């Protein structure tokens, strides 16, 4: 069941969620790789970057040996916008992993239970409450993503150094560069573990859709009424009053529409069959996969 | 005079500072352009991104009309890592402008006075103190860069939306997307004004170098003593004791070295001429410009 | 139903949630009031705070007229740690409102539906999906809290001004002081509206508790088994195996315990009655209210 | 010399700077102590804070033993607004230390040289440049203050936990609570070392004031001309034109005023003596100290 605002919306597929993550991670990988390339430059151009006591050819030799690019114009150090980009790219990566982890945490809620992070054999769910299986790894990912975000601010602040360099960035970088790279690696490792062992419960997904009393198809009802000749406003009013009643009284929307003269006049059984058809609602859910496949052929 | 830690280091050129800014801005332009390309995607794939009631071909038509790319897999909205990247790229741009503005503010200090931001005709420097010319535009740039940094944090936090979308990002984006793009434009506009009208005082630059009592060449003295056969430690001790005396008593380092038997034994007049030669110290300062020119031929 | 990690834990009461919010808001009010008192100081001590051209008695007269305290030692301006405290206190207030709004958003989820933010008469839930009632006000509160957090960073950065003042803080404060105070007021106003009109569904709360198959009492089972003479490890193993079965097969935990020889040997009917008793589990839920009442007598 | 915008303003005293720091640190100490008191509460009220399996009297006994206050209403944990306040108070403390450290860095600039952080015996100023004495400890303080600011953001984000608690805050707190408290202690320790051993050069302070060509008294000239009968605009024009000339040609402002007929007509020698009198300009600089003393009697 697709959910917006935490509320049932229209059906989607679990595969589509995963495919969205895949694309988002691919974007992050490009960002992080570009940022690492950005900081992979060095300089050997003297105390203020003017090659005062250094032959520029020495720099070329040393950097070639180290496999580093050459900073175009250095001060005493390589410019810090490069490291700010790295820390920001790691903060975005962490925030995306936070999104995926939050999705798992939502799906593992007692009332939803459509998926769950792996449960290590012999793991105790809770010291006081033996029945619990908690998404603690995903929660840890969400928590540590905050540290990556906070560290990105440090990276921004490290850019405006004084003149040909003050050394204030150095102490800060010793904390945040090592912490952010290590944490990003750890979060990726943990999320890979979650993704590989993720438990998925299709029958619960189906049950949650069914528990929606057909409300998930209300958009299609609206379109059908408009196609039947009603103004959008009139159609909306009909759908909303029946939808709210279905929601509050927990009865199927379809049955209410059949009993509503205004709706029934425009929606015959065949139309309703077509509307309240989960497979039809998902008929285009494979489009994004087809595109990906086509791109790789 | 090149300065590290706020303290005189070795000579550099003003042009080299500017060239460093140019490269840093070029990197920022690439980052910002890439980020704008990243958010220039749209989606028309229905309430949860599964094309439930929408023909995928409609999306292609509309996006082509709007000149937007297609989000690979959307939820109800385009993924927010894209906007986080935009806000982060603007924060880095602002931090770089903060660096350049801070440089101007330093150079405009009463004791340094090597450059000054433009002074609008008829501008009052200070209501209470008529003699003052303050770098208020550069200070404004430094201040507003902080807002860009704070807004980037909001962008990171907007990434982990719930399921197929919650709308929490929307209210935040109405503040930070408009503020950050507007502020970035304003800071660029103001910094361009500063750069175009920047007043530069070469004679003060020369005077500040001369006021260093030759200390700026102490690195070359060190190398010459080592070349003369001393160990680095022994050479360092000689230079440091004379340098500290020159600094504290405000006498030329060269005169002290000539009077120091250990130093004088290894440094004849020709060597000292070569060491205390500003042009020689800057002989490689054009290298970065040559490379840039070569790259454009 | 009390929930930790998003998973059913032990029962609590809705009133206790609200009382927790009340205390947290009271703490925030103290923080914000103290911070406003902190910035309610002025200075009229000249261009650098040394009363160079100003008689100190004039400052006293003016500040008394304005109802402001006197900055102990000013530079050209009042010290900015005061404003940083204000912005930080508003960020904490916003984060607490974010917590309460997030709770409502969770309770309004389709699968939980224990409460809902008010639905303005005539409000359309969703343009495409007429059945939806979305917690958009609470989501807006969560979103704007991020802006308050980002602005607090600006407040911190505004503290380290140069010498007797540089004016960089001014441009930044024009954005963040007005935005943060306005947003904090708006968030309080909107949250008050949510709290006053909050729809609460006790029968759904009861149903969600019942849907837990008695798992919520597993902690009490554990204690009873330990009191019955088992080691904690042995008791834990018994509870966990039955709890996981109850959870997976969706059968009452009590029935499984009755059928489990090891458990049944130690848990007679009276004990089980006492364990699986919601009122007993909540017998101390009024303690915090009693204390509050006692404190006011 | 007092400086605003990095530019000479009016005279002040070094003692007044320090007294301002003292007051600012006192405010920070109050904030930090209050925040530590705020987190010094505990709870033993069961898995969701409702004392489900716990006798409330046990909590009282345990907390009394631990010397902790009681959380008014807990969830599974103590509310996190308390820890956000702690991290924010440390970020403000760090930002104030950053301000003081930045002041020392400015005063230690080669062109200013009015003070310098202690130079450990045997310390090498710079590996390549033996003459340098760099304010590296103060730069380290400025750098690490950024980490404290970034960590405060994490504290804000940790407030909105789910329901009766999710554990996302825990991983983040293991990083930021220990780092921020340790760093704050380290910064205080280092700044105390700087303050105790600070080298101060009164003769340089005097020389820098003298190098201002009397411009620092331009505010007093302005007042004297207005008292002499000129409009503020006319007086301002006279002062500004002479001040700019004094600044650019580096000649004493007093001499220019004596040679300017419009100025000379209103400013006799006695008046000029009074205006260009450093002691007179600082006659009120002791007021803040007198007040402090009076408050302690």
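Going by the order they are written in, the chains are A, B, C and D; count residues from 1 in each one.
The criterion applied here is as follows: a residue touches a chain if its C-beta (ideal position, glycine included) is under 8 Å from a C-beta of that chain, and two chains touch if they have at least 3 such contacts.
Note that the structure is predicted; figures quoted are calculated from it, not measured.
Trainee: Treat touching chains as neighbours: how many steps, at the fewest, connect subunit B to subunit D?
Mentor: The fewest touching-chain steps linking subunit B to subunit D number 1.
Trainee: Work out the mean Cα position per chain and let me know which chain is farthest from subunit A.
Mentor: Measuring from the centre of subunit A, the most distant chain centre belongs to D.
Trainee: Regarding the subunit A and subunit D pair, does the interface count as same (over half of residue numbers shared) or different (under half shared)?
Mentor: same
Trainee: Counting in whole Å, what is the centre-to-centre distance of subunit A and subunit D, each centre being its mean C-alpha position?
Mentor: Each chain reduced to its C-alpha mean, subunit A and subunit D end up 41 Å apart.
Trainee: From the C-alpha centre of subunit A to that of subunit C, how far is it in Å?
Mentor: Averaging C-alpha atoms per chain gives centres 25 Å apart.
Trainee: Report the inter-chain centroid distance for subunit A and subunit B in whole angstrom, where each centroid is the mean of the CA atoms.
Mentor: For subunit A versus subunit B, the centre distance works out to 33 Å.
Trainee: Check each residue of subunit D and list the ones that touch at least two other chains.
Mentor: Expected reply: 3-6, 9-10, 46-47, 53, 105-106, 126, 128-129, 134, 136, 139, 142, 149, 152-153, 157, 162, 166-167, 219.
Trainee: Given the complex with subunit C, which residues does subunit D contribute to the contact?
Mentor: Counting only subunit D, the residues touching subunit C are 2-6, 9-13, 16, 19-20, 23-24, 27-28, 31, 38, 46-56, 72-76, 79, 81-82, 84-85, 88-89, 91-92, 95-96, 98-99, 101-103, 106, 142, 145, 149, 152-153, 156-157, 159-167, 219-220, 223, 281-282, 284-285, 287-288, 291-292.
Trainee: Provide the residue numbers of subunit A that touch subunit C in the complex, in ascending order.
Mentor: For subunit A paired with subunit C, touching residues are 1, 3-10, 105-106, 108-112, 124-126, 128-136, 139, 153, 157, 208, 211-212, 215, 218-219, 222, 236, 239-240, 243-244, 246-247, 253.
Trainee: Spell out the residues on subunit C that touch subunit B in their complex, using ranges where they run on.
Mentor: Residues 46-47, 53, 105, 126, 128-129, 134, 136, 139-140, 142-144, 146-147, 149-154, 157-158, 162, 166-173, 175-176, 179.
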